[in-house]
Amino acid sequence: MIRKTAAALAVLAALTGPLMADENTIRIGVLTDMSGPFADIVGQGAVESVRLAVSDAGGKVNNKPIEVIFADHQNKPDVALSILRQWYEERGVDVAMEFTTSTVGLAAQALTRSANKVALPLGPATSDLYGAKCSPNSVVWGMDNYAFGNAAPKVVVKRGGDKWFLLVTDYTFGHQLQELVTNLVTSEGGKVVGAVRHPLGTPDFSTYLLQAQSLGANVIAFINSGNDMSTSIKQAREFGLNTKMQFVAPAFQIPNALALGLTVGQGVIVTNSVYWDQSDVTRAFSKRFMEKMKKVPSENQFMAYAAVQHYLKAVGQMKSHTDGKAVVEQMKKMPVSELDFKGRIRKDGRVIYDLNIASVKAPAESSGPFDVYKLTGKVPGDEGFVPEDKTGCTF
Amino acid sequence: MNDLFNALLPQFFLGLVNGSIYALLSVGLTVIFGLLRIVNFVHGAQFMVGAFLSYLLLVYFGIGFWWSLVIAPLVVGLASAAIERTMISRLYNIDHMYGLLFTLGLTLVLEGLFRYWFGSAGRAYVVPESLSGVVNLGFMYFPRYRLFVVVASVVLCLGTWLLIERTRAGSYLRAAHENPQLLRTFGINVSLLLTATYAFGAALAAVAGTLAAPIYQVGPFMGTHIMVVVFAIVVIGGMGSVKGTIAASFLLGIAETVTKIAFPQAASMAVFVIMAALLVLRPEGLFGRQESTR
Amino acid sequence: MSDKNYALQLDGLSKRFGHFLAVNNVSLNVREFGIHGIIGPNGAGKTTVFNLLTKFLSPTSGTIRFQGKDITALPPVAVARQGIVRSFQISAVFPNLTVLQNIEVALQRQAGLASQFWRSRQVLGRLRERAFELLRAVKLEKFAGVEAKSLPYGRKRTLEIATTLAMEPKLLLLDEPMAGVGHEDIASISELIRSLADRHAIIMIEHNLSVVATICDQITVLARGEVIAEGPYAEVSKNPAVREAYIGGADA
Amino acid sequence: MTTTFEPNTITTTPKRTTTISRRLPAVGVVALLILALVAPYYFYPFLLMKLMCMALMAASFNLLFGYGGMLSFGHAAFIGSAAYIAGYAAKEMHLSPILAIILGMAAATVVGWLFGLVAIRRRGIQFAMITLALAQLVYFIFLQAPFTHGEDGLQDIPRGTVLGFLNLGNSLTMYYFILAFTVAGFLFVYRMVNSPFGQVVIAIRDNEARATSLGYNVHGYKLAVLMIAAAIAGLGGALKALLFQIATLNDATYLASTEVVIVAVVGGIGTMVGPIAGAAAVVGLDWFFAESEFPVMVINGLVFMACVLLFRQGIVGTIAAAFEKRRAQGTEESKDA
């Protein structure tokens, strides 16, 4: 019995062998949340952006056709990793991107490194991606905690907001951002008068908001994301906090603004990486994007386009795409100039670009459903992101 | 001492607001469970659909809050009646577990579809004009709308309780659960009665959704989290006891709010801790009756 | 206090549910052998008495003595292990087990074969002889391999009695053994119960008064939770209080 | 493979069909084993490994619900605690994979015991809701505990080597390693269900009051089943942590619990191979719809609803019933439930 099985195994092994991916096609895999809480920020829109970038490159590079595939990881790390492994091992995917959450991002980056492919994280906000857990096979495009927490809050302190109340999501993301903002406010001469950590998925924030009120804060920072952020801002307004406090939401994104509406969202100060209405280039891209998606691209969806374009340029220069690490090295040599992302890629894999400070428009100031931001300032990239010597990255 | 009182009083009122939403949800759930023996897992999704309908009515048809308060529950109630007629009614005579499992499947479908159609970030439903602004309660400024929610919830919950416990229709309902055969011989259409009960419970969830829309963010997963809490409340209140459920809802709304001050990270856990403690100390729930013979 | 001639002595037993006094100050003496019938109109508290006896409910007040020992505070399992085994109003078999397995489950515990999870069920074969003996006693041996849920009602009752006997009980509590039994089976079940009375004490709740009249040695009549009469059938049936309780209770 | 290991198929009545009905499961098991041995050469091994982990979790649910009558909505607590503890043992304590798995299972068993203290006296739906709530508490503990690293999760868990020379980093070695544990897990469940103990457990599920009146300490038995089920779910969770080399909060959310429920019900409650069939169906659906634009969640929900309404016995139960029916028609005049 055992011998027979062994024989069968041997025969089968000889017959099938590992499926060899064909090296004459360049495959881009978008691994994202298509149906969960982040689907508006990345999801289908990110896939569309990638398709646009590929078609702008003429659908091929080095005379090799480019293929785009995508998958919904449902925010489950096990699903994400099964898919990614199979992409690398059997489907011949060369570059994987997006990943949405920190859990998936960190695990995907490790897997990409061991497979010597290219990873382009967009959604994950942990700075570990180019810090403690950095990888020579990654170019990190997405915004991270540091950048979110650094830009907008600094401006607000400078404008005189000196008594801060922090509403923090009880997650690593929130904890890191809380520490950062606290240090920043203190070093700029302000004071954090209170902070409260709330569980993910809190439906009612009124208790915390009353605390902010009774502590006499003049700034309230919404250090959370997604639905929690929308709900807490909405309720802060309901309790009339907007008359006494400046609202700051570092990790606010355009889909948040669309979800919240201007009546509720007006006046919130945010850190922004790119906005559709900031230049002719972004407006042109947004117009094409809207034909497909019926709404303006989010920050991450802009990045999806830029990241792929930059990757394809590097592959074009190298005339080869098989060695992921080498492609990434090439990418690091080339300056970044995609859409309005102008800057460079650091040795640790971090993409540096300038950031916007924006505030959400009041309904009267807006000229259409997507006219949501008033850009009020710029932060140079080298100020916005973690300084290179502080990331602790060693390959 | 006085300071503490002054600090706690506002929280007490905030707790009442959340308790109101819990009460509306758990009353519907407990009525469906008590009379149909179906654990309506999809209650959270029905709550969500109620909220979404109000939003859609406003945005696409310009229909305001007050009409939504009637139309959304009506639509959800009718749709639920159809589902009960075609599907859930087949599950009455088998193990109660299957009702729970079926409605779990339905929840996945509804939440998935609403996500697919409307995105996950949700929409903001603005407080209706007539109820906006704040009221001075003497010790705090309280949003007028939230006060309205508390009143509306208390009225609806009391109404439901009276309907079940004090009216002829209610006594039929209770009889339908205990002895459907007898009721049939009286010439009462029992299956219609059950359909109506299910639709009523679902409509209550939709009312809760409409009432919650201006407070919470309207989103496809808004019912998920709240349902786990409401289930715990129903257990605490003594499953199937309308009175117990209402009391437990308000008590827990307040307990949760107080936890938010003492140990904010654990606010969402307060209900579960109370439930576990209660089950160890008082097995039949807060107001449940000890089951006599089987 | 206690009398060794009595298997069971209840003294002033009461049970209150909220405002409702389901069992009120019931005292009973049950002899070591023979059949003690409990009768009474619906809602008289008969089944509640059984539930109190087996500790499925705990009494509000009063004491229960079994063979002279106070068992009022014991948990249900311990009561069962003392040798007080009950049958239920609705036939209580294990529907998804076969008839043979039903008996095996009753035999397993005493044979020390209850918690082995590492052995095959085959080891239960050693209980087979005793099991078939019991099945023969109730004429179910032909149905050994049939799932209990597919037995007709009367046979379920006899199976239940057989599993009860497998426990080698000292006191049997039979809750309406004739309920739902077709009249063709009544005689044989009566006979079966009567034959047990030589070796066991039996308390039986029964509505079928002709059965009670034929097989019971002693009768207690309950109404509204209280004992209203006691004695042999002939005596009790003449008692005007009993008649009134039955007639008064007929339309309630 | 068509046995429903409800005791009825293993009765002693001499029937003409007994030889077939006895052999068919045996043939099925051998076929399934051979399939499992060669499968990684045909299918993507990573998916198969995930399938086995899920099958173990569902087998645990099935043991608890199908045989013990306890509907658990808290399996995430067992899976999550085993995954975290096994991951921590392998990564931070540098223990061998087998030790890590054992520690993980032990952790799950302890959680099962704690659940039992609160929930074991409840039945049916109450039991379901209480386990759901308790699992939320466990989730909160993992969220707060520093060693779990919040939403980043425990990353880069080493797979290690077994017996000093089998490197689990190799995906085929890992495959057979998981297969061995899965087979062992299923054998254990099979033996337990078909043991004297299993018979008592089924009796308790069928009629708790009667079992009590026969002198059984019902709560003790139920607690034992709950703890064993927790350990088996833990085995699945620990293996999964080693397989994916991560342990995350996702394993502890209530969605993980519902996934286990779905797998078990779709496969067939109260059947031995149901969990495998269910895991194959769910992993397959996840896989198939991952690259479509239609939400997987909706598909899963629809399949699940259809199962509850139309094929309550699940994939395996339905097939078994069809076989049974055909056989019954062949031997005597049709007689079915």
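Should a chain be cited, it is by its letter among A, B, C and D, assigned in written order, with residues numbered from 1 in that chain.
Heads up, the rule we're going with is that contacts are C-beta pairs under 8 Å (C-beta built on N, C-alpha and C of every residue); 3 or more make two chains touch, one makes a residue touch a chain.
The structure presented is a predicted model; accordingly, all values stated were derived computationally and were not measured.
Shared contact partners of chain A and chain D, listed by label: B. Of all chains, the one whose mean C-alpha position sits at the greatest distance from that of chain D is C. At the centre of the protein atoms shown, by the Cα-centroid criterion, sits D. If each chain is reduced to the centroid of its CA atoms, chain C and chain D end up 40 Å from each other. Note: centroid distance chain A to chain B, computed from Cα atoms, is 37 Å. Rounded to whole angstrom, the centroid-to-centroid distance between chain B and chain D, based on C-alpha atoms, equals 33 Å. Here the spacing of chain A and chain C, counted between their Cα centres, is 71 Å. In chain A, 35, 170, 199 are the positions where the chain touches two or more neighbouring chains simultaneously. Contacts with at least two other chains are made by residues 112, 115-116, 265-266, 268-269 of chain B. Touching two or more other chains at once are residues 56 of chain C.
Those residues of chain B lying in contact with chain A across their complex are 7, 10-11, 14, 17-18, 112, 115-116, 119-124, 126-127, 134, 140-141, 143, 145-146, 212, 214-217, 219, 221-222, 224-226, 257, 260-261, 264-269.
Per the touch definition, chain D reaches chain C in the complex via residues 6-8, 10-13, 191-192, 194-200, 202-203, 205-207, 209-218, 221, 224, 228. On the side of chain B, the complex with chain D involves touching residues 33, 39, 87, 90-91, 94, 96-98, 100-102, 104-113, 115-116, 228, 231-232, 234-235, 239, 265-266, 268-269, 271-273, 275-276, 279-280, 283, 294. Listing the residues of chain A that touch chain B in their complex gives 35-41, 170, 196-199, 201-204, 206-208, 210-211, 214, 226-227, 230-231, 234-235, 238-240, 255-256, 258-261, 263-265.
On chain C, the positions that touch chain D within their shared complex are 54, 56, 76-77, 80-81, 85-86, 88, 92-98, 100-102, 104-106, 108-109, 113-121, 123-124, 144-147, 163, 167.
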